[in-house]
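There are structures below to look over.
In the two complexes below, chain A is the common chain; its partner is chain B in one and chain C in the other.
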Partner chain A sequence: MSRTARLVLFFAALLVAVPLGILGLIGLPSFGHHVSTYGDVVDAMGTDLRHVTNMVALVTFDVRGFDTLGEEFILFSAVTGVTMLLRGDRGEGTSADPVRIPHRRREGRSEAVTGTARWLGPMTLLFGIYVTLHGQLTPGGGFQGGSIIAAATLLIYLGEGYPAWRKIVRSVLLDLSEAAGVGIYLVAGLVPLLAGATYLENILPLGEVGSLLSGGLIPILNAGVALAVAGGFCSIAIEFLEETREPNEDET
Partner chain B sequence: MNLIPVAVIVPLLAAALLLALEKVLPKRLADGFALLVAIFVAGLCLVISLETLDQPEAYWFGGWRIQNGVVLGIAFVADPVGAGVAAFAAILFSGTFLFAWGFFGDTGTRFHVLMLVLLAAMVGFCLTGDLFSFFVFFELMSVTAFALTAYKLESASLEGALSFTVVNTIGSFLMLAGIGLLYGRTDALNLAAIGGALDGHQADALVAMALVLILAALLIKAAAAPFHFWLADAHAVAPTPVSVIFSGIMVSIALFGAARLIWTAFAPLDQVAPAFRDLLLYLGTFSSLLGGLACLIQRHVKRLLAFSTISHVGIMLVGLAALTAPGLAGMLIYLVGHGLVKGALFMGAGILMAECQDIDEIRLRGRAKHLPLTGLTFAAGALLLAGLPLGAIHEGHHLISAAVEAQHPWIPLALALGSALTGGAVLRATGRIFLGLGPASNGEAEGPGKPEHETPGRPVWLMLIPILSFFAVACLAQGPAVTDTVLDLAQGFADHDAYGQLVLEGGSGAREPSSEGHAAPEAPSSPILPWVSVLLALLVAGLQLLRERLPAPLVWLSSLVLRPVFQGLDRLHNGRIGDYAAWLAIGLALLGGAFVLP
Partner chain C sequence: MSVLPYLIAGWLFVIGLYGVVSSRNYMHLIGCLTVIQSSTYVLLLAIGYHEGRPAPIFSDHPSGPAVDPVVQALVLTDVVVGAAVSALLLTLVLQLKKRRGTLDPDELSPERD
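And now, the complex of A and B:
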């Protein structure tokens, strides 16, 4: 099909679809109209029933926690897919730097960069853990915390260079972290089932409202998600960088 | 302990375990482990299906049910049909893992991990009673499937995976938009609750648009024309074990999902209007003919099989579009029969790729004479596809035809023709590859540039075990007992009120035994139609193979008529994603337009 034919076809379709779409959208509740009875019910009962203060976490990790398990596995599959498709012939060598442009002079790493990264890295890591642990209290949680933790390890790459980063952040450990993360979620759901309740039922002690150990199952699920997300994002970063690394001489 | 969540959790847990142990597992252990898990899931789903035979069961995750009239949690609703389809998927996976023994020798366990997650997604998709987790499992199926398609990393498989990814991701966006619209109207995600909110209302533009968007996404996954273009590109290039799953269940499961949504959420609207129903009937019939015609010009055997899948899914779509319980029953029986036969045929193609190191029909001419049993299964598969009155495919086809015959007497004829074309094409390939018949070249579409092969040296007898057992089941699953049972189950599946009661009011959901008996289909109006179809298939195969010996004027005449058709078809399926997206937009406009038409 020529470009013109394709465009004609596409716009002919839009000619029908767009007016219909607008007609449909008009049927939505008007702007500012309050519809969410679901939100009202959850807000009203959340603190009493589960001792949490972040109602989003209550929905994603308790009331609709099973959806989140599915979403965690979407990420898990995407990462597994990426690592499977980017499987290279490069082996495990880590002594060369990736993303190198031939003929360009290699600048040494500035001490300012190393210094900043060494200072910023642990802080970022700590912040990631903080965001994860406070998932049931304040906005944040495992997905956000896990990505921040992954970003923290990238600062090692920035400050210490590729070989050092690969030496600290081992792919095997990342796979383990990912598998353990989804595993924690799965098993945390299974335990209530074995105890005679339903899958993912929050039967743990709920703790004190506002404390770090409140919400029963929710902090555990958050920790699992953080492990899986951190491991997954680091794996993807390694795979992408490996794609551009020239093999060492002893590798084929 | 309730088994319903376990059926989804076990394959997921197995996947996590395989990833963690990748570096330490001995080579064949992953193959065996995945096989055991699939068999276990199949057994589990069968048990659930049998347990819910009289009374479907709602399972609320986390114990969250309904508070202040709002459905809070996620419910799985296990019924014999949903659990049965899930069990069928797991059976296909079991056969596939057996077939793939040793296939992925040196690339670790990632293949098994993704396949097990795909299985879990399908089981969840079949059991869920919640629109959003329906979407989550739909998306999980897509993500695993994208990566599995590209596994071989050849340029063809990357291109195929890319069109698959782009087109199906558009589908996911459409579905999410539809869910958003529906949520804006009904304030509910639970299917029964949506159905309850729409009860007694007329379909306005918003509900119509939501239905169109969600249905379009499912039709993209089901590869109904004009949403079908990605399928041939993806199924042809995926590793054979993956193709088996794709063509065997992943396409048809989308139609099952559509049936679930239509009968639970949208049933109260009489806006599944006559125009809309007719459009789906026409799309299905058109797919059937288009897929059948496109089969004839393929020489890449797996691409040929992929086009035949498009044709047969079209037939299933007709069964769904009849919107009656007998039509649905026909679709379900057809889903099983076609899944088994098509899966077995793809495995046969896999044997060719392993033993003869090629998949091009012309280059393979006469080179598979040492594989007589594989050849026999190919011929048997071709005849069953063509409509031989034996087994599940025929049973389903008959029910589907009977369901639409009264209003559209020409549709059964068209469907028979579509089947005959696909069967004829497979027969032709069988004759050429296994018997060395036919000319070495006859100006068909260009074949694959270089021989495509798959891990050689796997025992042929091991690969034949799933093929032969699939055929045995596909042939034996027939007869009045099967038909009556499925008709009965389909009637329960289509009982909108009982479903709503079960989920929303905790009612028993038990069906009253229908005293008047179900509308068992009459004897086929034309019992010779299947035989005509088989004869036609033989004729098509014979004509294509004996082309050189036909009188010259006849050849000239036929090419005068057929060549433009075939060239047009070839040009349409050109692998350009932009074209595919334009056709997708046309399909969307057609579906939307059907609501506006009086």
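And now, the complex of A and C:
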């Protein structure tokens, strides 16, 4: 189908879809007056039931904890897919010396970049851990914290260059972190079964409202997700950067 | 303007879809796909918003009625998973470029093989 034909079809479809969409919008509750009983019940009972103050974390890791397990698997399979598709051509090997494509020059870095990254990297890492640990109390949690931790390791790459980055951030550690993260989530869900409860039921002691260890199962799941997200995003970055080198002679 | 957030969500969806339809490069197409995806974020957050109520995080104010936390949790996981899926799609683009030497959807149509 040519581009013009596609565009004509698109605008013809819009003629039907836009009125239908507006009709659908009219049926929605007007902005600022939501009608979700589910959310209201969570807001009203969440703190008393689970001793946490972040209701978003409560929904993600307790009320709808099983859905988040599904999200974890989507993330896991996406990272696995990236790795397999990229390695299919390149082989399994990874090297600390990436730039072997002849026409590509290796650029130096200015000292300002290195200096800034050396300050920002550890700070960002600390902030990522903070966001993860306080997931049940303040805005944050495993997904956000894990992304920030992955960003912190990328700052090391920015400041120190690829070989040093690969020495500090070992890909074995990343694989372990990602697998352990998903594993923690799975197994933490199985443990309540031994006590006669249902899968992922929050039967651990709930702790005091506002303390770092409140929420029973929620901080454990948060930590698992943070490990999985940080490991997964770093692995993706490494696999893409490995694309800049050509395969070794002995790899196919 | 009580319909403005919904209109923005609709506009993001349509403009993203237009980008997908008229795309001349698969990289550009993936960018358009993330625009479509962000329309769902706007829509979900707009549905959950309640005028005058605080955020559903009670660490600095007493618990009580707040905006809907369920849709916010949905958006949260959506963002992270969306990033991972974009990476997967970019991988496919990379392999396509290596094997076929082009990223133009029209040049890659089956009848030109």
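Please note the rule applied: the second predicted complex is superposed on the first by the 223 of 252 C-alpha atoms of A that agree within 3 Å, B and C clash if a C-alpha of one lies under 4 Å from a C-alpha of the other, contacts with A are read in each partner's own complex, and residues count from 1 in each chain.
We adopt the following convention: contacts are C-beta pairs under 8 Å (C-beta built on N, C-alpha and C of every residue); 3 or more make two chains touch, one makes a residue touch a chain.
This structure is a prediction, so every number in the text was calculated from the model and none was measured.
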item	value
Partner chain in contact with A:169 - chain B first, chain C second, else both or neither	neither
Which of chain B and chain C A:78 touches, first, second, both or neither	both
First, second, both or neither for A:31, with chain B first and chain C second	second
Touching partner for A:56 - first (chain B), second (chain C), both, neither	second
First, second, both or neither for A:154, with chain B first and chain C second	neither
Contacts of A:43 with chain B and chain C, given as first, second, both or neither	second
First, second, both or neither for A:20, with chain B first and chain C second	first
Which of chain B and chain C A:232 touches, first, second, both or neither	second
First (chain B), second (chain C), both or neither touched by A:183	first
Common interface positions of chain A, toward chain B and toward chain C	1, 6-7, 9-10, 14, 21, 25, 28-29, 36, 38, 42, 64, 67, 71, 74, 78, 81-82, 85
Chain A to chain C touching residues, read off their complex	1-3, 6-7, 9-10, 14, 18, 21, 25, 28-34, 36, 38-40, 42-44, 46-47, 53-60, 64, 67-68, 71, 74-75, 78-79, 81-82, 85-86, 88-89, 137-139, 141, 143-144, 146-147, 210, 229, 232-233, 236, 239-240, 243
Residues of chain C that touch chain A when the two form their complex	2-7, 10, 14, 17-18, 21-22, 24, 46-51, 55-59, 63-73, 76-77, 79-81, 83-85, 87-88, 90-92, 94-95, 98, 106, 109
Complex contact set, residues of chain B against chain A	1-2, 5-6, 9, 12-13, 15-17, 19-20, 22-23, 59-64, 67-70, 72-74, 107, 110-111, 113-114, 117, 120-121, 124, 132-133, 136-137, 139-140, 143-144, 146-148, 150-151, 153, 181, 184-185, 187, 204-210, 212, 571-572, 574, 576, 578-579, 581-583, 585-586, 588-589, 592-593, 595-596
Touch list for chain A against partner chain B, complex	1, 6-7, 9-10, 12-17, 20-21, 23-29, 35-38, 41-42, 45, 62-67, 69-71, 73-74, 76-78, 80-85, 87, 172, 175-176, 178-180, 182-183, 186-187, 189-190, 193-194, 196-202
